[in-house]
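Paired with chain B in one complex and with chain C in the other, chain A is shared by the two complexes that follow.
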Partner chain A sequence: MGEERQRRRTLLHRLDVRGAPYAFVAPFFIVFAAFSFYPLIYTSWISLHRVELSTLNLMEWVGFDNYTALWDDDRFWNALLNTFTIGVLSTVPQLLMALGLAHLLNYQLRGSTFFRVAALTPYATSVGAAALVFTMLFERDFGMINWVLSLVGVDNIDWENNKWAAQTAISSIVIWRWTGYNALLYLAAMQAIPRDRYEAAAIDGASRWQQFLKVTVPGIRSTIVFTIVLSTIGATQLFGEPLIFGQGPNGITGGADNQYQTLGLLLYEEGWKNYQMGRAATVAWAMFLLLILVFVVQRIVKRVLTRRT
Partner chain B sequence: MTTDSIPVQATDTRPGTTRKTSKATPSGERRRRLFRHPGAGRQHHAGPVAYILLGLAALVSLFPLYWTMVAASTDNTRVTQTPPPFLPGPHLLENLGKAWEDAALGKAMLNSLIVAGVIALSTVLFATLAGFAFAKLRFKGRNILLMLVIGTMMVPPQLGVVPLFMMMTELGWGQKLPAVIFPTLVSAVGVFFMRQYLAEALPDELVEAGRVDGAHSLRIFWSIVLPIARPPMAVLFMITFVHAWNDFFWPFIVLDMTNPTVPVALTQLSAGYVRDQSLIMAGALLGTLPLLALFVVFGRQIVGGIMQGAVKG
Partner chain C sequence: MDKFRSKLRTRVVAAVSVASALGLVVGCGGSDGGTGGGKKDGKVTITMGLFGVMGFKETGLLDKYMKEHPNVVIKADVAGDEQTYYTALQTHLAAGSGLKDIQGIEIGRAKELSDTQKDKFVDLAGVAGTDHFLPWKQSQVTAADKKVIGLGTDIGPMAVCYRKDLFEQAGLPTDRDEVAKLWEGDWSKYVEAGKRFKQDSKDDKVAFMDSSSGLFNAMIYGNSQQFYDKQGKLIYATNPVVKDAWKLASEAATSDLTAKLRQFQPGWDPGLANSTFASTVCPAWMLAHISEKAGPKNKGKWDVAKAPKGANWGGSFLGVMEKSPVKKEAQDLVAWLTAPEQQAYLFEKIGNFPSSQTALEMPEVVNAKSDYFSGAPIGKIFGAAAQEIPDEQVLGRKDGTIKDIFSQGLTLIEAQNKSPNAAWKTTDERIEKAAG
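Right, the complex of A and B next:
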């Protein structure tokens, strides 16, 4: 009797030790599989069909028609190019400024908490609110930015209808929201750099600028790579900023001439304005391929860079 | 993809937080010495130039929010004049009230509160469970599974949005909150974040001691892990709450104006053909206020949390 109970307890114990870890990580993988992985795969299947928004259960096989249509569609190439240019316009200045900001925050500083919290506050603003405010600041006739520019003799810029102006304005929303966040990531990494590396560099006669380039930047390299990856992903899915910047009717098409339509907006336009879910899925799949391409290029660049140093 | 560039074992460098389990090793001693100085690694004191630049950065960060308040407190004619107003006007409460009604913000706020609250709670719970398993329990395939978790951070939610929409329609969840909640119940960043913390802060001996006393895994989790993990759980809760509150793309697609979250409701304000700018700004202000309040109270902790979760060089 006692022996039997002992055996059962050992068995239960072993079952617990073996099984519990899987039970603990299971919720993550189940939810991810159901709502992220499965849809991602299913997207490719849908993209081979004609599916309309009003009749989602009717799927008509069309093979690669959606893909060839997308390839021949000027709007796709336009959106791809816009996604790229807005991505560069927002990511490059954002990360450079974050690096500079982190460097400043890394000094011995009075009120450092204030500066850190201030830098992070835009991160707490929703895309909706931020885009609304910036749309107003960038207004052509009474916007504050044109008013400031007029003080230094620059004529009113039509931020909404001029292609590059619109893309710059949209990028500035992204930059505003994310610079502080990235700066804090850099700051955390900078604080983990051992101090003796700076001492060694100083003994070797390196100036502050040289120390920044030769000690700080290499010291936080993997964080920089991490932020590049994150902001690249963010840039490929840019959606809310241009949508709201277009102020309603022009939002979905990315301006009257699609001058700032991103792939995210094109996806939405195809699916929820033109009611063609199959085509929307094709755009999604194209975005995925684009991401993979970006990562491959980024990896190659990184490898070349590491070999050189 | 580039996951291998992320070192799984990151050094803990939380500034300003006292470590509950400081080891008396030389390296621990050294590390603590570094903590005392916020500018560890760089001894230089900030000069006037640094303060001016930082002041400018703070100004740029905060000005749009201040100006939202200014614009929300004037009327539409004043806000569309040049030069634009720089000081608050007398109409703040009136505009807030009107925006509240026009954009149905009452319902939107409640919805956002439910959505962000449920998502933050479940993310914290599941992230702590999984983080504990990855940090302290031994099982086959642990490293591969952890790499998978990190890898999933790279998959943008947009890619699956079409089938997800079809799934939700089929489930009858279209325009309903579960459609927003369920896909976001867990977060890879959260799992990684908790793993990093527990790997350092939770001594192996404590888990072993629990085992020796005959506690089963869930019991160990409940009585040993949860009390120790409380600070990072609070941080993760706030970060997740902010994210969920601000999430736009998926709620915009799956919800409509009859049952929106705050960011979705805000688009309503700007989409009209007759546009009242002060009213739009009042709405934007209302939608941001809860999070700003969170930042005023917990700003320091959120900053510390983000830096703690960062990938170290």
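Right, the complex of A and C next:
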């Protein structure tokens, strides 16, 4: 009897040791399967059909027609290009400004906590609120930005209908929201750089600017790469800012001439304006494949570069 | 002590930042599951999803109903923009959650809903005391099998709203009868008047009209067939009505007669408040919006003149969801809200024109005047326009979407300097993608 109990205990113990880790990681993977993997598979299934949002139960098999149609669709290439240009317009200045801001915050400042919290406040603002306020600022006839510009003699700019103006305006929303966030990431990395490097550099006669270039930037290189990856993903998925910037029907199509339609908006237009879920799913998959492509290209470039050095 | 203070300060900063972050996040919450309504402790809760200024909430009608029915609580969500509202409604219908007990239906969506979603709506055909509507109004939400998915609220007979002071400075008449004579019988005379206005206006910052799409809408909605024929086939590309409207609207756009605004979009409201345009084609329901946005300082400067041709733009319905746990109570509420008395009341209060034949004959409608619009006899003007609306109005599934695409096509001409031909081509391709 005692032996039996002993055996059962060992079994339970072994089950505990072997099984518990799986039990602990299970919630994540169950959630992942339900909310990421299943939708992904279902999306790919839908993308092979002609199906409307209002009649999701009626699906007509069309094979890869949606994909070939997308390839031939000007709107897709236009959206791809816009996603890229808005991405560059927003990411590059954003990260440069964040780097500068972090450098300034890294000095001994009075009330540094206040500045750090302040830097993070835009990030805590909802996309909707930020985009709405910016839309008003950029309004053609009575917006504040045109008013300020008129003081220096610049004519009213039609921020929405001019392609580059619209893309700049949307980028400025993104920049405003994310600069502080990236700055804090940089700041955290900068504080991990040993002080004595700066002291040594100072003894060697390096100016502040040289210290920044030769000590700070190399010291936080991995963080910079991390923020670039994050911003790229963010830029690919850009959606809320242009949608609200245009408002109403124009937001969904990214302007009357699709002048600031991103891939995210194209997906939304197909799915929630034209109600063609098959085509929307195709756009979603195209975006997914694009990200994979970017990732692969980046790996190849990296490999080639390391081999060369 | 110093240390303590600095710690306290950090905490205060942290607390303030958390609080402000929360404050910004609040307002993004939503509800889902069921339709939100239900019965509890003898109280009946009815939820409503509405858009624009339908007036039920704004004029206190819902409060009045609750006062008369102490056991009823009504919760109404009002979305400002119909496009946003309808997109959400479609998503909710497809997902089967997030719906309200009562949902507003705009006319541009009526056909699509009664074609594809009628199972999700309660049949309102037999509801007692609802045989007072204009016949064409009710036929718009009647499915092929005679199921009625909604009851009519307002209709949108059209007139032209104009600014007397701005007309005067450009040497145009200001009296509403004379103004109406300017363009009697033909919309192209309206554009001609615009050219005169532009030429003689003392203030070149003021445009004659707000947008060319308003004119386009007015022209096509005066006909029984617009984008679709009776068989549900798309005919916009060959329909002379659409062609003519496009031609005239793009003429207005290329002649620089418009303020290049989009109605109900950013810029339009400040345009009303700051008087950047002198006229707008206005369905009855727009009066409320104009008087609200143009504000008290422009009171008495606006007036209403008869349009060249009667047309109907818009109008809405209220439908009850099949899933609602309080179907009976919701139906009672809908019947009450759309009853002649309430329609007449809404017209008096905010200018939403009744779709009820009975209400149309009530003296408070016939004799109604608008204080804000220089005492214009809006009951008579819009009533006469309503009589000119064709008895049969052929709706199509994607009417709403097509209307939006045409508006954007005109924006291409107006604000992006495309040629009318190029803009038509783009518009045609877009409609093909959206509705073909």
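Quick note on the criterion: the second predicted complex is superposed on the first by the 282 of 309 C-alpha atoms of A that agree within 3 Å, B and C clash if a C-alpha of one lies under 4 Å from a C-alpha of the other, contacts with A are read in each partner's own complex, and residues count from 1 in each chain.
Quick note on the criterion: contacts are C-beta pairs under 8 Å (C-beta built on N, C-alpha and C of every residue); 3 or more make two chains touch, one makes a residue touch a chain.
The structure displayed is predicted, hence computed values, not measured ones.
By the touch criterion stated above, A:Leu40 is placed in contact with chain B alone, chain C being left untouched.
In the superposition on chain A, contact is made by A:Gln237 with chain B only, not with chain C.
Applying the stated contact rule after C-alpha superposition, one finds that A:Asn161 touches chain C and leaves chain B untouched. Of the two partner chains placed by the overlay, only chain C lies in contact with A:Arg140; chain B stays clear of it. In the superposition on chain A, A:Phe295 makes contact with chain B only, while chain C stays out of contact range. Of the two partners chain B and chain C, it is B that touches the larger number of chain A residues.
Touch criterion met: A:Thr121 reaches chain B and chain C at once. Contacts of A:Lys273 after superposition on the shared chain: chain C is touched, whereas chain B is not. Of the two partner chains, neither chain B nor chain C is touched by A:Thr68.
When the shared chain is aligned, no partner comes close enough to touch A:Thr10: not chain B, not chain C.
The contact surfaces that chain B and chain C form on chain A in the two complexes overlap at residues 56, 113-114, 117, 120-121, 124-126, 128-129, 135-136, 141-142, 247-249, 272. The residues of chain A lying in touch with chain C in their complex are 52-56, 113-114, 117, 120-121, 124-126, 128-129, 135-136, 139-142, 158, 160-161, 247-250, 252-253, 256-257, 272-275.
Listing the residues of chain A that touch chain B in their complex gives 12-13, 16-18, 20-22, 24-25, 27-29, 31-32, 35-40, 42-43, 46, 51, 56-57, 100-101, 104-110, 112-130, 132-137, 141-144, 147, 150, 176, 180-181, 184-185, 187-195, 198, 208, 219-223, 225-226, 229, 233, 236-237, 239-240, 243-244, 247-249, 251, 264, 267-268, 271-272, 277, 280-281, 284-285, 287-288, 291-292, 295, 298-299, 302.
Chain contact summary for the complex, chain C toward chain A: residues 9-10, 13-14, 16-17, 20-21, 24-25, 27-28, 81, 83-84, 87, 90-91, 93-94, 112, 116-117, 260, 262, 264-267, 270-271, 274, 276, 401, 404, 407-409, 411-412, 415-416, 418, 426, 433-435. For chain B in complex with chain A, the touching residues are 1-2, 5-7, 11, 13, 15, 34, 37-46, 50, 53-54, 57-58, 60-62, 64-65, 67-68, 71, 79-84, 126-127, 129-130, 132-134, 137-139, 142, 145, 148-149, 152, 154-167, 169-170, 182-183, 185-186, 188, 191, 216-218, 221, 242, 245-246, 248-249, 252-253, 262-264, 266-267, 269-273, 275, 277, 280-281, 283-285, 287-288, 291-292, 294-295, 299-300, 302-303, 306-308, 310-313.
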